[in-house]
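The block underneath contains the structure these notes are about, expressed in structure tokens.
Chain lettering (A, B, C and D) follows the sequence in which the chains are written, and residue indices restart at 1 in each chain.
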């Protein structure tokens, strides 16, 4: 059986998702080495999984002719440098989102991977969630007729520390960007105009850092349909990830995932399980599917599902949303 | 518009359901008088509803040629006497369930009403519940194919006092009888054999009174299908009334009714409303539908939905169930 | 028992809801007469309900000293004239929504009823829905903490004819107005700013009439919270009326009401019942509660739940929403 | 890290579940070889998973001192022979259910493994399902108070061929046995008495083979609680696996698992996803958990969750159920 030899770059939080999956759960993947300047962290991750080759410098992986592809799971500000080098070395790339906050730098990566003829998939993992895939399928099959409204609620279980917010690029670039991708993906349309209002209702420190923690964003789509996203940095009942698409023939809605399907009826009330706690729990299987899709695309030489070019669109929307919010909610056209 | 002039007999708990409904909610009904030896209770019920005629003796109502029908809502041990007199007076009869615990006495009423040519409807109100009506409709339409299994859970929110249990005829005659009627009604079959096991798990006093408070009853139906009923005298989360019918083409299941459709998601859990508290809350609308069906049948001279004869079948099943339980769960044929 | 003598004005669609309810279901109400220029329609409604007094001119009711209150259920463009006359005659008023499309004319009614010291309740019936009442209660009790987001989906089952749309005042004044009232009522806040986008996606005729049939409206509330409403003139699966309130301590969400609680599992899929068809079905009980609240307030001399003054606020928001939509979605402050 | 070296015996349907899981998903497992007389089938399973050692005779694995444990996934009539040999060779054993249909032969295995001091876990995989685990946890924690009623619905999506039924030992030994284990496990009680009724409603061929395809079984538990199981060989809407436990403090119920959480609302109705198709889909993760539990118990030298001795109890209940059914539903005591 053909295998894709993969080098993992980074041993941080998201690498701890991808690395065991690539070792154990992704058919056709062979993770051969991991690079991280923090060799101790790298070994802590690799040894129990039986990966012996651990190196401090990702360039070592790029020079290895046996490595077909790299996963870029290093800090965001290193993505562009590594992606350009990987493209130059002719490696296929899986790059965690976002490639960068800066549009011109993203464009450089797009050009590099396209001219090198390597694949570059960006980690919009939610597209692989079983619920959202089903919605996408129903829309594409025409089960809903013409899409008219898209509604997305996306709320985190816990506000991040202000220190994180400061470097995050703001709620639209950091959090809503997933929903921008989803709104366009599920509707099969382009986002043409955005208007956003935000408030700081959860942590005043987030407001002092110039960001908001609660927002509502309205979108116009190229088809004429409308969409709305609401975000909160803190839903005390857990990670709230629901989507609804409404069309001329009907509606499809996806509920949250729960740790099990039990209902407990007591004298004090009837209890269901809360949603799965956060993205690692909710999107566990979506990560596997995403990785599998990348490996399959590389092995079969087919297009990846979310290319570097595809990943630019939600960044442009996030920029427009930030501008709209700064202008007090005025509608802003999305740059093409 | 034609009206049915009705005399109400009894001013107790169930009369306090039927009387206001007949005054306010049942089209074609005109409640003209109420009879109860306790005139004070009678007036307390009637005056706010604008019913002026209150009499101590039900015979006065039977002698009134303007009265077309009576509702027998007096204590159970008076049902037969009143029903026989009402039939003799040519009045249509709505009789609360059960007509009697004694089969030969029920047969007397059947003969009396049939020879008098008056209508006699017995109060199996659950058949009129919107959920169970929908199930009945689906079965009758053939949506489920051949019925194979019927499952009924029927649990009260609070155990009655032991004093009530003593005179109740036992759990099968008092409580399960509704479920026997439902199993036969929903499946469109006759119950031919029953086996019942019971335990006293809630109130030892019920056991000392020779009854059980928890039971499971298996039924064989004339079609070959099987049914199972579980009863409890005390479900601490409220009145639990669920039915499921399973057939060769599929299954239909009815969930409980709740006071509203809200879900509350808190850090401590996700809460739904508990079921409606007890039969007065759960079957509020079913009582109105039941009364309407009786009034309509009288006005249009059509058969009533549950005749005195129909009401005999679940009594015979209850007797067989009690016998089975007394025999430690041996299957017992139901007398035809 | 004290009764409120009521004169009904109008025999059209909404009167056909209120009239039987007042006769049969509202405690303390006595409907004594109905006025409508179309005497035939009036009698068709009144005779089966036993209301004998039918007059062509509402002024006759206002002159009757035995009449305590009137229900104004005539065409919208007659509301102000009748309300002013009723206030002048010292009658309490229940007026269907809206009092008028014109703010200055509404203010005249406010002044008239306040100076006459009569009660004037406006028909925002949804506040009395069992689900939305429960949400309101939870918010008021503080179960959700500080309200941060309100989400309302409100979609009709069928687009009205273009002829209706032409005289409706536009989607915001005709349809979203209920949701504006609800957003403010449920959050306990005032709406301070609105931005609206709309599209014509269902019936091009609605677009030609200068209106939209699909819209998303964002609101800023005086508390700092945000709200979003989506409306569609046509949800093919039925009347879609859902509300969600999200706060610092949790979220409460209300699902649609269905004709029954059954689920049908077939080889072809698992089916639930569709939502109740339209507002007459969905809000049947809410209408009764609304009428009861009015009658109670009059009999006990307490404030009505939605006064003429209260009813002005959503009109002002609707005007701002229309302006925002005409300006392509720019945020517009709501006039105080 | 310590690893458990495992030899797999059998390359059939259930081995195709366990083998890839042991290779990819179970921490601490190292599958080193597979034995099956059908070497072609064995290689088809092993080669893509990178297992190189494939042998025709399981005895070869038992002679290998490097192998710590075996999975017995061969045909049922070979289980006892292999288990005895494995115990004799000092290997830990995971044996698919049932060890055998014959009680005396099962007892031989119990004695053999106990005297050899090896672990022997039997494959009652459902105990590891996330829903049933949650129910077990709630019961054990006392959240439901004293258990009073247990209700299990267990229905297959498709009747097996009559040829399978003939060798299956009958519905109680083949299908209900899982539910007997579950009723005892979830309630924390022993089953003391059983009464069973069955019908042949789906495939007359099953009746001709002397078996039933639809049954209801009532159980008495050692605690005094009651339980009821319903089984059908064919639920056309899919694999129906629901459990409900009712106690003095409340009830917990587990719903089916679905492929995703979407709801589709169309003009023709509101659709949910059907349950996952069959046990391979429904219990995918339960198999992994079961395997992990075995590997953990071996590595840590702790008791396995379901020993050979534990597996005897449901066999004895199945025998009693068959006897009861043959006697027309008479209650039968379970042999201890």
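Simple rule for what comes next: a residue touches a chain if its C-beta (ideal position, glycine included) is under 8 Å from a C-beta of that chain, and two chains touch if they have at least 3 such contacts.
Everything quoted here is computed from the prediction, not taken from an experiment.
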According to the touch definition, list the chains common to the neighbour sets of chain A and chain D. B, C
Average the CA atoms of each chain to get its centre, and name the chain whose centre is farthest from that of chain A. B
Using the touch rule from the top, work out which pair, A-C or C-D, shares more C-beta pairs. A-C
Chain-centre distance (mean CA atoms) for chain A and chain C, in whole Å, is 43
Can you compute the centre-to-centre distance for chain B and chain C, using the mean CA position of each chain? Integer Å is fine. 39
Centre-of-Cα separation between chain D and chain C, whole angstrom: 58
Touching at least two other chains at once: which residues of chain C meet that condition? 235-237, 249-251, 263, 265-267, 273
Given the complex with chain B, which residues does chain A contribute to the contact? 235-238, 240, 263, 265-267, 269-274
Within their complex, state which residues of chain D touch chain A. 1, 24-25, 48, 130-131, 133-135, 138, 143, 249-257, 259-267, 273
For the complex, which residues does chain D have touching chain B? 146, 148-149, 151, 153, 155, 193, 195, 197-199, 201-202, 214-216, 218, 220, 224-228, 230, 232, 234-237, 240, 246, 248-251, 328-331
